[in-house]
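Presented below are the structures under discussion, each in the form of structure tokens.
In what follows, chain A forms one complex with chain B and a second complex with chain C.
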Partner chain A sequence: MNLFTPLSWNDSGFILTGIMNTIYISVVAIVIGTILGLLIGFLRAESNKSVNMVLGGFLDILRSVPLIIQLILFSTYVGAMGHPLSPFIAGSIILSLYTMAFMSEVFRSGFDSVPTSMRTASRSLGMSYLQTVIHIRVPIGMRAVFPSWLGVALSVIKDSALVSVIGYMELLRTGEQLISRTQEPLMILIGIGLFYFMISYPLSRYGKHVERKMAI
Partner chain B sequence: MDNYEFHWNVVFDAFPQLLSGAFTTIHVSVLSMLLGIVIAVLLALGKMSDSKIFYNMANIWIETARNLPALFLIYMAYFGLGAYGIHLSPYFSVFSALVFINAGYLAETFRGGFQSIPTTQYSAAKSLGMNSLKVYRHVILPQMFRRIYHPMTNQFVWSILMSSLGILVGMNELSGETQRLQSTSFRTLEFFIVAAVMYFVITKLVLLASGLIAKKVFKGELS
Partner chain C sequence: MIEIKGVHKSFGDLEVLKGIDLNVNSGEVVSIIGASGSGKSTLLYCINAIEKINSGNIIVDDIDVHDKKTDKNKLRQNLGMVFQQWNSFPHLTVLENAALAPRIVKGFTKEEAEEIARKELVHVGLGDKLDVYPTRMSGGQQQRLAIARALAMKPAYMLFDEVTSALDPELVGEVLDTLRLLRDDGMTMICVTHEISFAKEVSDKVAFFHKGLIEEMGPPDEVLGNPQRERTQQFLSKVL
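Presenting the complex of A and B:
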């Protein structure tokens, strides 16, 4: 009996699932991470030292412990407590929190980049606090940090490969399974690499383009 | 906390092994950073050179390193090169992937740092009678170093955190060691909590040291 079967067109569906899953979990993490990051970033820009210390400490843990350890720890923890989560849910939660930790710093510096005089000016025009935030501080602050936001989003797409460690069938893991069946590592890996590159490269070029345009 | 009992003794007994794993983590990060810096200087020079060949070579390296997942590059070194009959050890595959990525990111940092210094400074220093070597030694490089110091620290921290991917190819750094220890004792949670704390402490110590060095070297003039 032949244990290894060569790569065939039937595998393309399998790889496609991996591609879709990678995109899926990245989009989920980026969206949730951006929303939470915006909230936390605003909170950090607004609050006093002691609140910032607590928030900063929590974000620090998310940033200073390797993502792969966070993933293993979280999925083992919920399992040991008797509420196992599916790899997708557990992966999304950790990846979103991880994204949030980086996004909040980006957004915080965005909020800080809006001059105080602009805030005072809008208040003196009769805008309420909330209106100032929605119409002045968010649009102006966020525009300034768009390239950094894109940079974080790109790293999330790349880091989503790590969710494979808790069993989520994303692109790299589908590749790994195909490799163990076909024993053709090089070809499969190059194909997978091309896919990551095709997503990441145009976006990073676009980010650089925007950055250059803003610098002038 | 219904039915899980923490047993920390087994972790404390294995602490020497964890420490040796942490040592390997630092080891691989420092070495990959040092070699990465050397290559990054060459890449940055290539990216700024007029020669099309050097420019393209540097550009391909930089863009590949920046646009591919670290885990992918580790797999490439570990499984991919096997197709050519090149079998790298887990340590060396993680090391080479980290070097490759560090070089790519640092090259852009170096180039940015270099280009942020106006060329007029070069002319000004020249007109004061300095030769090229002196201009770089006393004017350009000190300013450049100040600007790339923080990004370099971040890259080093990134290397420490990413070396944890060694767990997936059976390397014996902190994560891999943790994985090995938990698989024989089944105290998964305890071991990984301790590993997480150790990573946190290592990262904080690196940042602390970096801040102290910056204070000493730059005397508070860090831009």
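Presenting the complex of A and C:
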């Protein structure tokens, strides 16, 4: 009996699920990471030194500890505490926090890039603090850092491959399973790499286009 | 009417305003001149409640500007201010720049706000630039946009803080022309300026600031034409 069976069209559904799961967890992490990053970035831009030190320390840990270690520690620890989480939930939480840590720095520099005189001018028109934030600082600051935001978002798509270590069936893990069945690692890994490229490259091109359109 | 009584203001140990008394009546144009660091701009910032004062009073139409209970955002709607740097909002077109505050602060609809903004922009000569982004315009045009943006809030008073200082010399004229236009409209204005001849031409009253105090104040012909105080004479001999 042959233990290994070659890749066939029957595998396409399985591969597609992997692709969709990669996109799914990436979108979740980018959306949540962006929203939290925006809030934390704003808090950092507005806060005094001591608040910044606490926040900065927390973010430094998230940024410095390799994502793979965070994923394993979190999912094992929470499971051992008697609250096992599905690989998707555990992966989404960690990947979102990891994304947030990078996004918050991006957004902070965006907020810092809006000159104080611009705020003063806005306030002198009768705008409240909150109106200045919503209508002036966010739109101007975020335009300035859009390329960096896109860079983080693209790297999150690639980093999502690491969520495979806690059992989430995304593209890489799908590939690993196919490899163990077909014993065709070269072709499958090249194929997977190509898929990541096909997801990331159009986004990066589109980002360049948006960037040009928003150029101020 | 703006009444400034005994205003003191310090930044840390540095006392910038050392007791300023100044009244600006409705329809009056008051120019403030003086060397850098004499406290001219600081006074404008205090009138608009951007900076707090240490003591004294600033009363605008019977409202105490620095009273804790005063709604500063509401107060500022009545006190238009234009700065040395024009601070155009780069993400908005010229029309949107001027329509933003009437819409979000005063609650006008988009159409109403744009109608108000359009009128003011046409008034300052930017009628053909409505859909342009401000970064594509010259400093003089952006400064006129800043003026129109402030006027769109229909303020009773306008404060001008060295609005021509950051401009290339050939662009100064168009901005000064806009200020003349406002004077002809009867706008009450306080202009901190280095343009002595302009101050002489448009002002009802000129105040010469020296080290946080008003050294000399009066009609432009007197203060600028025949200054009585030695420091005023020295200053004018340097700048004229």
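Criterion: the second predicted complex is superposed on the first by the 204 of 216 C-alpha atoms of A that agree within 3 Å, B and C clash if a C-alpha of one lies under 4 Å from a C-alpha of the other, contacts with A are read in each partner's own complex, and residues count from 1 in each chain.
Keep in mind that, in the parts below, contacts are C-beta pairs under 8 Å (C-beta built on N, C-alpha and C of every residue); 3 or more make two chains touch, one makes a residue touch a chain.
Please read all numbers here as calculations on a predicted model, not as lab measurements.
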Fit or clash for chain B plus chain C once both are placed on chain A?
fit
Answer with first, second, both or neither: which of chain B and chain C does A:Gly193 touch in the superposed model?
first
More residues of chain A are touched by which partner: chain B or chain C?
B
Partner chain(s) touched by A:Ile140 [first = chain B, second = chain C, both, neither]
second
Would you sort A:Thr76 into first (chain B), second (chain C), both or neither based on which partner it touches?
first
In the combined three-chain superposition, what is the angle centred on chain A between chain B and chain C, taking C-alpha centres, to the nearest 10 degrees?
100
Which of chain B and chain C A:Leu130 touches, first, second, both or neither:
neither
Check the residue A:Thr120 against both partner chains and state whether it touches chain B (first), chain C (second), both, or neither.
second
Between chain B and chain C, what is the shortest CA distance in the superposition, whole Å?
24
Which part of chain A faces chain C closely enough to touch in the complex?
115, 117-118, 120-128, 131, 135-136, 139-140, 143, 214, 216
Considering only the defined contacts, which chain B positions touch chain A in the complex?
1-4, 63-64, 66-72, 75-76, 79-80, 82-84, 157, 161-162, 164-165, 167-168, 175, 188-189, 192-193, 195-196, 199-200, 203-204
In their shared complex, chain B is touched by residues of chain A numbered 61, 64-70, 72-73, 76-77, 80-82, 154, 158-159, 161-162, 164-165, 172, 176, 179, 184-186, 189-190, 192-193, 196-197, 200-201, 204
Can you list the chain C residues touching chain A in their complex?
48, 50, 73-74, 76-77, 79-81, 83, 85, 87, 89-91, 100-101, 104-106, 133, 135, 146, 149-150, 153
